[in-house]
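Before anything else, here's the structure in question.
Every chain is named by a letter (A, B, C, D and E) in the order it is written, and numbering of its residues begins at 1.
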């Protein structure tokens, strides 16, 4: 099993010009990563740090103002390597849903409010397969049953379903053609925990049934803990740490990751917990050097000027921090 | 190529299409005698009266009557001989019974009030008596030398009823008194004229007629010896002249009755076979009996009560420019409210030329002034030639009589005499020193009258009079006349009928019909629109009343002339131009319409006397 | 306000075009005050030059009766705008008032007002206008015509304003204002009006469109003061004199083009404004301004927003 | 039941109020007209002839009696409602004694026919083209089309009609200038095709204006709509564009359009009035115009009543049927 | 009904809010809040957390407490005064002094066109919190310092120039100006970043301690509710299904729904991933129209009786539970267990 998707020094900026002011938001800045076939890859980070942007780039579905200004995204599918930058519209069309699929944020709004669920399924299926309406209805019914969803939803309109049910229907809609690669952007945000659990369970089912690759975004570390094999931590458009789930949860190295894990309240104690100081930087004017340095308790002078590179802490565990680098090399950095 | 824009599906070779000048409100009910019955020319093709008048010559056209009316000495009785051999379209012969039935029925039923015939018959308590199969005798309760005008139709007159049909209808509606609500359907119509209604647009835009099977037995057939086109279609094109012109250019209209000069020129350019009365300038038919004036309300603006002011306003008008620039040079000029048609010119304008030329007015300080300029028609002719037109005939035949000089100096003196003065900016001030403001009202739907108003506005303004020119729609404008809320306006009238008789037209101006400003004059019945009370006028009107215009024509004309002289001396209104009509026909399908070269009948086809022109139409090919 | 207009002008193509047109119109109107003679006056053009197509001397041509179409147009545009302005002020005035009252009072008052509004919407306006115009004919001046048009053009606007008010009333900041102890008048004027005004701007433009159209139509039917110049009366007379067919099309073309250009100008401006008001664009713009502002602050050496707080927190933790 | 009480009944009550107010307004206004229908009539009857003054006085009395114009305003108003509720609109004054009902019967089919077809065509076409342009707003053709519509949108009906008349009746004389059809009503192809031919220009004038208006609305709504998550998602999933335009963009924006349809009838009726006058097209609009200038109260009343009832009922029906078009839940 | 010797601050009894909803041609009643009862005492300030899934009626309840919605049924009193009966004047002069809100979205809570400090000044002036207007900045600064801000930091700024956390602090400061006894905070942190969340929640804890303010803290984040709340109410479809001290309710949930909630919180402790599966085949939207217990469709412990009968509020183990399981009056024989029905 090799990498199914790979990025090198990916940079994607929102370049907007509105009423005279030009603004470049460096939402994804120099990110390199590899996602293995069949794994669940979690991406976590604060709101606005570029998670969704990264996902859209990986998916190859973006239009101005979002522009890829550097780097590369490549799919390795059935022995072929496809660079998204070279993909034609037709290729994208062919890949979508059959091979690569996407579960968006905000389940509330992605289903056409005036169309019955089954018709939406038909729209999506018939776009990629030559099927009649009744065939796609049958396909849908079978699939929903497989996933343990009530068949009754097929005849419903979206508003007749609860948010959780809608999100589950959306997942079904995204995965009905058994894609190899699934991108999910915050599939459980704004759901209450019980429903969230149902959704996660379903995602797991879908992923396991076909051995698909799932790229999962959420800022809820708990969800990652339950689902992801590996987790990447993003901060202000940068990848700051990447490791397998257990390592991230038990032995984070980057100070931001540490904060993130430690500030989470849980039902075990009502002890006072600290919060991360400061607030995330605005991505149109990111701080120089390490983007976390303004909030970092361990900040060094070097952090203020020099952008730390990703370094390997141990196999499968990478992070970008001058302090960690220093510790590893056991010599103070200049 | 067959045009397909017509609303009926009749071969064009059989169909004559003419301009319908109103949109019909009532459609499909041919009971024209009732109040609100359609305007009569709607039925000019169908119905007949005793006499018609030729507008061109002023002569009687004997229609159902076989001769002129015969009165007794005190004009309280009238005998009429009827024409024989005229057949109703169902084969019955027209005779004295029809006349008696018609008169008695109309007299008995107020709802048959169309044209005011019912009240007039009642007023004179008219008794009618059959004195033979084809002669009738009328007896009135008092003298009326013009009783016959009730049966003389220029536009409208007492139409004869088919007694055999109407009496049956009366029974069907439960008695004669219910005839007001009787509906006469197209398929039941029986006529003396040459055409029968076939169908009409329920919305009143068009109406189709068919020639009756025995045209030779119709009155029109008998009179003209012609038979007319098999079908006649009238179409209403709205008040927009240009639409008629376009329709004609599309060969969808064979004749229209009038348009403005622009649309007429457009027709000439775009319908190759179209022409009007003259083939060349000034094209239009000039002999319709009516004239347009700048009418003044004697009680409107206090200045207007003064004769000198009225004269000043007349002298401040450049008639040549008005007639050429504003009217296009195509209407005849006249200084008093009688149009200079061939007949009337000979009766009035011609004979009065000398008097007019010698007429003097006092400009103040004893300065006497001859205002009349007999060369006006020549000046217009000169203008026409300058434009490159040839003038067809003598200037006065084409452009009417002389008019008042354009002499603002004289006008200025008159105003000063009347106590007005020029202010610093050259504007006239009233004797109180206030700016003199004159209101001028006009209704643009009569385009010549309106343009005359515009000319007066422009010229008076240049003369230093502050004029408010308001453009009103027809109804408001009328309404203002009724209650006298106007100062100067642009109506039309003619004091003379085509025959030259005047009393019927001016009796309403007798001071017994006077109503002051603010009160509607109409309840009194007269024509008090000028708010004029003048003893001499009353005297002359009274004198005319007892004169029979047919048998005592010379006496009648003499009194009439005196009245016109009195009118002019006092400048009671500033009459400018006579009516002209751009009756225009297109010869693509039909030819034989009367023209200046071949004036067999007047071309005013919508008047009762004009309908005979249609009889001589024949296919072009 | 000024920056808004500046922004609109700089960055909205349609606004720029539209205001350029309106500027042109304004210039035209301004020139009307320099007319050498009353522009409706006939016989001012030398006889030889009457009824002639546009030339150097008479840029828009002349009429047969010796008027200069250019000067007529300047006055016509001005008067049509006067009518429209009166109509708009009255129509929008009633509309805003009723809409806001209805929206704020709610309950029975709202229902009654809405019933009235619905009734008025249902009555076809043009026949009513014609009817009243016929009745007022003679007294019909531009002012009365403006009032008349305005008096009939408030129902749709009032519905829109009401909807605005209803949605503003439900916004959280309204609740904040209530809990801050502000009274209704204050909330309406200080909190809500700033949101309504931009909509009013766009709405005013549509009022202009309606009123110009109606003025032209009424004039065409002969129901205006036909002796005064307006675009409508110019069209009326051009039509009455069959100018297009009588070979003098410029007499008709001038007012028709002017009215089209004018409404297009207004329309483009309104598009510009609504684009500007589009919440999504607005956000971008706000962010852009914010970025501007932040840059300025930084240049002045001020702390970035949030800096102080994070500093204080850091201290807390250090302790 | 709840719905009946809380929605249907109030809505119907509103319908009644609307009609009542509308009718009252149109009853009152003409009565302030300075034009007296009787005098107007007499003026027309006696225009071209000489009549004894006494006769005129007698005629006036007769006619006032016949027209039922005696009594106070209130009495006339009450009498009016009494007649109206019996379905009687009274006689026309100008065309006495023809009942107004006859006029309406003659004109209504034309107006209704013209209005419904033009409304539907411009509505459907406007929505369709507007949505397409909104959807493909960056394409060249869409931008050209939009600019074109921007220019025709603000044009008054009148000017459109005038231009059409000049172009298609004169320069290219393709279409008739007057009337509604050729020949008498019959179910023949010839007659029906003539209806289409005669109605073409009037209809086109209304359609152009109505289309432009609807286009602009549709485009604006579609622009918002394509930014919605479900459209974006469907695009991402490569659902065919045709399907997206029809079932996503148009289907969703349909609701405000439906809601607006009945109300826009009023504006269309105004267009019809102008167009009927311009093209000599049969129908109520042109009749109304004549009636207004003749102070033919009963006709004015009859026709405005028709349009008020028609439009109010149209909007009532749309409102009552609205739930069918809208599967979403409404909170009340 | 809980009887307390002291005068309660807020007394909610059997409170309901009924909406009418229409779909197509049908219309039905819909209980957004259904016979809810809560009492908050006046002598001891507390943070009262309300949790529940989306649409369970939390916001509606809060709005009723704030007087923004009129209750349909039941008792709603603040310091013994019926809130809905208060006159407009009393609302302004007294009630708003006592009770203040904090909304979910800090940016929506202020007009984007107005400077944010304006609201602080308005509140100070309108409630006459200072004798002299000149005193206002000092007073405001004091209040702002309670939430870790200074006036200088925010003066003259527009809301969008602040971070979410700052704006929410200003919102809380504004609510504190009148020195209220009760703050109703509806999801005050759900729009905020994980990193800012804790600072706000920490602040509520501090306010309760230092300023003696009671807070109704509405959230669907159980972890922060547990962290901050003294007592907690769990809502389900308009019902309060369990109410009691937070440690008890979340430490040892009684109601099957609460149990469900608790086990559904994803744990970050390695190895504590869920093993068992939950049933997905329920359309939760149907639960509103259920005649019996609204949770019956998903309840693992569902009984016969639950299908058609509304469970009572049972006081059990120091809290109130709305469940037949703890109802001693019900004949144990009737408690026939069923497998969860999937309807």
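Operating definition for what follows: a contact is a pair of C-beta atoms (placed from the backbone, for glycine too) under 8 Å apart; a residue touches a chain by one contact, two chains touch by 3 or more.
Keep in mind that what you see is a predicted model, and the values were worked out from it rather than measured.
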item: Chain labels contacting chain A and also chain C; value: D, E
item: Chain pair with the higher count of C-beta pairs in contact (A-D, A-E); value: A-E
item: From chain A, the most remote chain by mean C-alpha position; value: B
item: Where chain A and chain B are represented by their mean Cα positions, the distance between them in whole Å; value: 92
item: Length of the line joining the C-alpha centres of chain B and chain D, rounded to whole Å; value: 39
item: Cα-centroid distance, chain B relative to chain C, in whole angstrom; value: 50
item: Where chain A touches two or more other chains, by residue; value: 274-275, 279
item: Contacts with 2+ other chains: residues of chain D; value: 34-35, 170, 277, 293, 327-329
item: Residues of chain E whose C-beta touches two or more other chains; value: 163, 165, 199
item: Residues on chain C engaged by chain D in the complex (per definition of touch); value: 115-116, 118-128, 130-132, 134-135, 209, 212-214, 216-217, 220-221, 235, 239, 244-245, 256, 259-260, 263-264, 266-268, 271, 280
item: Residues on chain C engaged by chain E in the complex (per definition of touch); value: 171-173, 175-183, 190-191, 194-195, 286-287, 290, 293, 305-306, 308-309, 312-313
item: Chain D contact footprint on chain B (complex, rising order); value: 3-9, 23, 25-27, 29, 34-36, 38-39, 110-111, 113-116, 118-120, 122-123, 149, 153-157, 180-181, 199, 201-203, 205-206, 235-238, 243, 246-247, 249-250, 252, 473-476, 478-479, 482, 497, 504-505, 507-508, 513, 522-527
item: Chain B contact footprint on chain D (complex, rising order); value: 34-36, 39-60, 62-63, 66, 92-98, 103, 106-107, 110, 165, 169-170, 173, 175-184, 190, 197-198, 277, 280, 282-283, 286-287, 290, 293-295
item: Chain A contact footprint on chain D (complex, rising order); value: 228-230, 233-234, 236-240, 243, 247-248, 251-252, 255, 326-329
